[in-house]
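Shared between the two complexes below is chain A, which pairs with chain B and chain C, respectively.
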Partner chain A sequence: MEDEVLKSGVASGRVQKMTALIVDDNRVNQTIHHRLLQNLGIENQVVGNGKEAIDVHCSGKNFDLILMDLDMPVMNGIEATRKLRAMGIQSTIAGVSSRSLTDNIQEFIEAGLDDFQEKPLTIAKLVSILRKVQNHNN
Partner chain B sequence: MLICIPGVNPQGTMQNSWQSDNHCLSNLSLKLLYLHAELFHSHHGLLEEYVQSLFDEGIVNDQFSQIQTLKSMEQPDLVVQLIDAYLVDVEMILSELTSYSDFPDVDFSKVTLLAHKVKDRSSCIGAEHVRLACDELIQASVQMNKQNFVRALSWIKKEFSCTQDKLESYAQHGHADGA
Partner chain C sequence: MLGLGADRLRADMNRLLALLFHQGVLDEQFLQLQQLQDESSPNFVSEVVNIYFHESEKLLRNLRALLLDTELSDYKKMGIHLNQLMGSSSSIGAKRVRNVCVAFRAASEQNNRAGCLRALELLEHEYCYLKNKLHELFQIEQQRALSAGIRYPMQN
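Take a look at the complex of A and B:
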């Protein structure tokens, strides 16, 4: 129900069209998250690791939301989040991982996350994240 | 061209009728279409039953339902593609884990990371049995207990093998169904 409200909000212009960056090294996760966001009317881009997330921001792009995976090659989610905050990026960064909060996610949160959600990302979890983005933007 | 269609009148006696071949072909096409639709619905029903059995056995969880909703007209076989990618991915990771278990000294930092990867992939596709088996493997890796690690690895491979068979069956039926 909530996702329909959000979708109609985006469609009618009451909710500003959001943009998102998906940072995940796994193709299956990339596809799932991409489609979930797309179905909610959120324009989104996908990159494969933390370094690519930094590079895409260095190219001048900006996003309302960054879905940041934790375990990635080249540059993991903790380092990427830290670097993005150091660059002054104020987007809502939501960490997503199959590791639970009890698995010492503290370092990830302290790197600069606004939210953390345990995988799998469901519509309900995504809507909860998007509400935070809306509040952040307002 | 006219075609003779044998028939029976309401009084029960034989009565042939004559129809143009176009009309006949149109009737034949309709009948074939109807038959095709019946077969499709029958096959689709079987697929739904099979999916339900996967849920009943605990092979998959609600996340698998979510995945089903992601397919579209443009990508009708998206779910099958995701399943194929998941199976290839996890098979490779398990093979790597097996190679680590062959060494006398296991690099537990690496195997912990790999175990988390299997859990990550399995969580996102909704492969419940495999996901649950990952916790034992992760615990053994974190505790750096080789014996437990080998045992947990054997269990997860068994669960994955079973899940692989079931999901491959689904994928084969799914291809035929346009799923």
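Take a look at the complex of A and C:
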């Protein structure tokens, strides 16, 4: 129900159109997360690792939300989050990982996350993240 | 006549899905995928599952190659491949495949080659079963769509 409220809000212009960056090396997750966001009217881009996330920001792009995976080749989610915060990026960064909070996600959170959700990402989990983005923007 | 055929096929689909849920082959995450399918993306589930099959088969080949390397089994690399397979299996609701990956990963963390070999055999078996059943599901869905007069592109 909440996702319908959000969708209609975006469609009517009551809720400002959000943008998101998906940072994940897994093609299945990239496809699902892209569709989840698209269904909620959120323009989004996909990159395959932390370094590509940094590069996209260095090219001048900015996003309301970054969905950051933890385990990725080249540059993982912890390092990418730290670097983005050091660059002054204030977007809402939500860590999404198949590892649970009991698996010592502390380092990931301390790198600068605003939220953490255990995969698989569902509509309900995404709506919860988006509420944080809206609060952050307000 | 056409309507009755589509209804019968829908019933077949629901029965197969119920069986797969009952067997623990699929979990509620598969329903989440179905919720993302609509008129603007009518083949979303089969598209994602085909990506899953393609990626999983690469990972399974890599795991087999790593284990059959008699000189040195790279357990760290195995762990990386297993994390990938676990992640994507969770994301499509492939519960039994995911659970075997967990057991496989535990064996690889103990450098237990025999345990890993057993787990790999079981993983390949579970994966094949899942693939066959999902292919069956998508075939019924195709037939139902044709029967109901809806045109979908054919899936390989």
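We adopt the following convention: the second predicted complex is superposed on the first by the 138 of 138 C-alpha atoms of A that agree within 3 Å, B and C clash if a C-alpha of one lies under 4 Å from a C-alpha of the other, contacts with A are read in each partner's own complex, and residues count from 1 in each chain.
The working rule: contacts are C-beta pairs under 8 Å (C-beta built on N, C-alpha and C of every residue); 3 or more make two chains touch, one makes a residue touch a chain.
For clarity, every value in this text was computed on a predicted model and none was experimentally measured.
With both complexes brought onto chain A, simultaneous placement of chain B and chain C is prevented by a clash.
In the superposed model, A:120 lies in contact with both chain B and chain C.
Contacts of A:17 after superposition on the shared chain: neither chain B nor chain C is touched.
With both structures placed on the common chain, the touch criterion links A:39 to chain B and to chain C.
Shared-chain residue A:98: touches chain B and chain C both. Of the two partner chains, chain B and chain C are each touched by A:27.
Within chain A, the residues touching chain B in one complex and chain C in the other are 26-29, 31-32, 35-36, 39, 71, 98, 119-123. Considering their complex, residues 29, 32-33, 35-36, 38, 41, 44, 47-48, 51-52, 55, 80, 83-84, 86-88, 90-93 of chain C touch chain A.
The touching residues of chain A, counted against chain C in their complex, run 25-29, 31-32, 35-36, 39, 71, 98, 119-123. Chain contact summary for the complex, chain A toward chain B: residues 26-29, 31-32, 35-36, 39, 71, 97-99, 119-123. Against chain A, in their complex, chain B makes its touches with residues 62-63, 66-67, 70, 78, 81-82, 85-86, 89, 113, 116-117, 119-121, 123-126.
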